[in-house]
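Quick one: structure below, then a few questions.
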């Protein structure tokens, strides 16, 4: 359905997850939803529900505590999906790089499509990032995208595709 | 800032005598690793509405001795105590750690760091 | 509630606050917005102070074997604190804190892993170069003293 | 045999800005038991402060403990180091630092109010407060160069001086903000639906506030007179017209009122600061390396922030202890949830204005 | 034939209303807001998403919900018995509630439960409004109801009662507990995605048509008055949405019973005497 | 007349024969034959539609008087035995009143037994539904850990019960009715106390004294009728005018309220839950409580349009709302069903008390469908209890997966109780239509209308709360489990389900309202939806959303518990209302 693909970029719904950032980027995402920047004019709705999400906005270097949740949420987002890493620490670990309880950037766990710089990323930058994400979203196909780590596999039971175990617990990683 | 030395045996009693919930509030329990396998524990209090009145009870102990808990006296101390258990691997009576750290993250990250690193 | 009702009613006839960024113009940025760090190789004296000052290590100098250094900067790691500019002895010439906005990177730019590969490469290059320099120095010293070069065999 | 409903709130939830996990056990929607997991944002900054970064870089690192009260973090660390270095700051430095802290308080309180309104299901109010907050963000950008992470405080002063034009702009913007806050005051106290949602909900009595050692707006809303601006002499707050705001109610409404009145007070203070700015240097040279121990307490938007720094004259410090406001509020928070409705939980949570990235460091 | 045309177009019409509402709401908050056709963009996008399903029954019940609502709206356009229409609508909602309950998701179940509570809150009022029409027009058939006029002067309190419950139906503050986005992430719709969520999304359009057609009936034979009422109500509901917070589910039932039911009851008693 | 006699006597014969039918197979053969015979007779009578009358010979009257006295003495003894003063007191009062009534009994020619359309209709329910329950009871009792002797005794009780009920619905004399009323009281007393443990005994005694109040008011009504009109016949009484007619009628209908377990007398019916499930099934669906609407229908010619009728209607409406509300706080499946029975009985009485032909028909349809659906639900509850050991709805979570057959029967039961196009729904619909039609002339019915509106939504809330528990499942990666259901359970349930569908179709055909076809479309969609399951295979299965957590969180159900204050208020209100029925009767 080529014709339908053009509507993806007109109605991207976002899910925001804080994987251990300092709040700076999160309040800027909130500010981007406010009247001044008004993300809704792009058709963006903050659904808060991974199952209806197109753009996954993540902030924060992944802390050990939030790894499982990040992957779980990612695996619950239906394709096509785009991951936007907002802020320096999300993209590369930023100032937290090398600290003992963080992984350096979320692309250790899930594929990231857009890296938004800034500490904290200002609403303008977030909008830039989302605009870039939209063009990526339009080109994607519907093949299942997998997390890099904590990936438990996709089973076929009969004709059904089971994503129930797509995200794994830390202990079960092997 | 007033520093008062105390010992582990006396600390609960001292704090009990000292603490009046309408006057003082408990800031936190703090641990400072001293490089020779000892740890300095600090119970920090501040007075409501008074200028610069901070009282620190401290004692120096080793990592093995069990530390008495003051949660019964001051319920909000539980966070500080859990954190100390988590970060230094101390034992505090009746307190479970697991405040911040995951199973596979660095154990007792603030312990013996003066020696250039810590136990993993 | 009634004030809010009236407010909402009157808001309908007022222009919206929204700035039509990125289509029309830009959201007003004060002139001294802390944006990208700009580097001018012409003025740089390669003192490495910015590299040392940077908290997240977003500036790295690669040491070429022929002696000159190459500046590399990762805007996706930078926290825009400006400490490098303050550390720079020739601030505003070699290193400036511009008000330019950085751009989002795409997957292809590989800003995370590649940068840290690069960081290690740069560190190794400098260690190598330092060793080489040391060796050269020793060689020179040896040459001055008329002794054979190389480490002492005995 | 009635079973409990297990409702997870977090770590990802639309009403949460930051990851924290509450697990409510409820009867119908009445909460009977709460489990809290606050460790999601633990990055290990305390350790990094003594092993990874030299003391001169630390103001930037501790600022990243929390984006909302970044300025108070870097300021209290700086003050602690300056104490150890026996550095005497000038009044201009103090004033500029206070200006930024108060502006930060205004924007943080407004964010909290908007978030509380949003979580009470009042989207229009959220938008209104956020729209009114934007000029304050612009001011901060004009003064420090960034909207959120200011990196404004330097050891020995502040990085940027304030220009006269910016000073004028500060006064003009804050003057324009004041009527908006007064309108919010009226709306928050008179709107019937907000009253249903706020009054008598999430109660914290004076007695409980004392037992749980709560701090900041939470305690002041319960009638507990505590404010570090009053209790510390590190910054000359009494010169700029500081007043303690007290409320008696102890519910969400009282907390909102405390925040709104504090915003008004901060507006006054900022204007006083800008209008009576003393002349002088904004950045002084410092010498030596920190040695000894210092405790600094500062009033962050959420309550008392304490830094304990110990150094031994080396490049790396021995210990940096960060005690954040929310950290000591969590036991009270868990207690207050019990007995209230799950439908109110997001609003109650927002009214605490918790800062998990502060708590977990 | 035109009736059939309008029935087919009902979701489109509802979508336009929804889109218009989003624009209007944005304007009331001094935002630019999404384009008017935004709901349709969303619809087309949802068609093209990979769809995740909890289990087949759950997903299919969502479709049935939409179809039954469509039949309900169709029955309205055909001018059938109003009482039957209200019950058919009840049926549609029950299908949705069963769907919400059929998954082991806390939010979905709480949402379904709130949906039931909302049903308890507004259904009696809606039925009383229907009875009011019957008492005045002597028939339950919409066709007959539309032949009379002057409902507004005879049943003003019933109209007010309808206004009170209207926000429940269109999921607007202060009675948007069913959706409760900040509490239960959309409630019943939380487990739907892609293709199947689309049906729930479009069902919302039909709900608009359903409830606003009740408002329209108050105009009676005077269609212009009906249209005016609909527009006025539409704006009023959005204004109230912008001036109130969400109340608790229990409060919603209380308000609905103590206020709306009382108003409706007084009006009916008044009509009887 | 022989038909009716057969209906009354055949169960007794079967009871006697049961002695020699020791093996299960033999019992089935006996019971099946009996039930088929009973049903066939009932059907024949129903379609025969001729009014038959029968006058008792003298010896039979004498027999009844003696039996009645013995019965009352038995109650008296029970009261002394368990030291319940209230039972003793009520028994004494009844003895005195009965003696008084007998002493002033007028000589009259009217028939004691009248088999009219209403009776034949009731036969239909009692014999078909009741018969199915008796057959079901055989299998059910085989799971009980009691002696074979007692099991047969239990079935004998049930059969006797049917016989008594068959007699009740043809009785035309107040005193005969009183006797049979007391017989049903006895039956319920024995059946509830069947298990013999402490709670059973307690609840049985509770049922006894509550039902005895009914006996007292009937006797009072009889006396009133004798003194006022010189008659004890229903038809003569309802045909007369003026005087103390309303007092008399209201007193008798109060007995209906007691038998119908209307609040404040809901305690006894709920207490009946301790008995084996077939007892609940038979009490709730086919027999016992159905006396209530039957009695009101019988009296409706006198009640229609009067103040007492209005009050009874309102009472019924309020019971409909209050019982639905009280049910919302219950967790035991059978109790929930019990309260919903009370609620629906309220509705039946409310409709019957209006007294127009339309509402009478509606009441009868309601009685019929309620009997079928409730029997099915209670029987399934018994199946679930015996096969899966589940009583509490909290534990029934995901029943559709573990016990798909039982779950489907429960679901079907609920659907038939709430959704279009099934009978109960249609009745509610027409009731609203009918009441609003009558509203301009009888503004007093407004409260009833309101009660129907609120009560039916509350009932929907109740049923779908329970449906929730049964339906919820994590995913359909694994198919439904297999449930082995013995045919002794399956067949009765299946027959009932078929009956529901069949009668629904028939009802819809009779109604001939074109718009009703509307309702068939959605139900068809629901039924046809499983056909699309294969097509659904193309979609990915995924976990539920739990804020990113991996554990699954189970939601429990909601309970709308009234506070003790509200509970007391409700009971006080209804007690006052109950008393005021008599007062209204006396005053008007």
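Letters A, B, C, D, E and F mark the chains as written, and numbering starts fresh at 1 in each.
In this text, a contact is a pair of C-beta atoms (placed from the backbone, for glycine too) under 8 Å apart; a residue touches a chain by one contact, two chains touch by 3 or more.
Keep in mind that what you see is a predicted model, and the values were worked out from it rather than measured.
S.K.: If each step moves to a chain the current one touches, what is the fewest number of steps from chain D to chain F?
M.R.: Minimum step count, chain D to chain F: 1.
S.K.: Which chain has its C-alpha centroid farthest away from the centroid of chain C?
M.R.: F
S.K.: Which two chains meet at the most C-beta pairs?
M.R.: Most contacting pair of chains: E-F.
S.K.: Taking the mean of each chain's Cα atoms, which chain ends up nearest the overall Cα mean?
M.R.: Closest to the centre of all protein C-alpha atoms: chain E.
S.K.: So what's the Cα centroid distance for chain A and chain D, whole Å?
M.R.: Computed value for the inter-centroid distance: 28 Å.
S.K.: Mind checking the centre-to-centre distance between chain A and chain F? Centres are C-alpha means, answer in whole Å.
M.R.: About 58 Å separates the centre of chain A from that of chain F.
S.K.: Measure off the straight-line distance from the CA centroid of chain A to the CA centroid of chain B, and report it in whole Å.
M.R.: About 39 Å separates the centre of chain A from that of chain B.
S.K.: Could you list the positions in chain A whose residues touch two or more of the other chains?
M.R.: Within chain A, residues 17, 35-36, 38, 41, 47-51, 64-65, 69, 73, 76, 78, 94-95, 100-101, 119, 123, 144, 163 contact more than one other chain.
S.K.: Among the residues of chain D, which are close enough to touch at least two other chains?
M.R.: As it turns out, chain D has residues touching two or more other chains at 5-8, 11-15, 39, 42, 44, 47, 60-61, 64, 124-125, 127-128, 131, 134, 146, 149, 191-193.
S.K.: Quick one: which residues in chain B touch 2 or more of the other chains?
M.R.: Chain B, residues with two or more chain partners: 100-101, 106, 109.
S.K.: Between which chains is there touch?
M.R.: Per the contact definition above, the touching pairs are A-B, A-C, A-D, A-E, A-F, B-D, C-D, C-E, D-E, D-F, E-F.
S.K.: Under the definition above, what is the set of chain E residues touching chain F in their complex?
M.R.: Listed in rising order, the residues of chain E that touch chain F are 50-57, 59-61, 63-64, 67-68, 71, 75, 80-81, 83-84, 87-88, 90-92, 94-95, 97-98, 101-110, 112-113, 116-117, 119-120, 123-124, 127-128, 131, 134-135, 140, 185, 190-191, 193, 195, 261, 265, 268-269, 272-273.
S.K.: For a test of understanding, state which residues of chain B touch chain A in their complex under the given definition.
M.R.: Contact set of chain B toward chain A: 100-106, 109.
S.K.: Sort out for me which residues of chain D touch chain C in the complex.
M.R.: The contact residues of chain D facing chain C are 53, 57, 60-61, 64, 124-125, 128, 131, 134, 138, 141-142, 144-146, 149, 151, 159-160, 183, 186-187, 190-193.
S.K.: Which residues, counting only chain A, touch chain D once they are in their complex?
M.R.: Going through chain A, the ones touching chain D are 15, 17-28, 30-31, 33-36, 46-50, 60-61, 63-66, 69, 73, 89, 94-96, 98-102, 119-120, 122-123.
S.K.: Show me the residue ranges of chain D that touch chain A in the complex, using the header's touch definition.
M.R.: Listed in rising order, the residues of chain D that touch chain A are 11-19, 37, 39-45, 47-48, 52, 60-61, 64-68, 70, 111, 115, 126-127, 130-131, 133-134, 137, 146-149, 355, 357.
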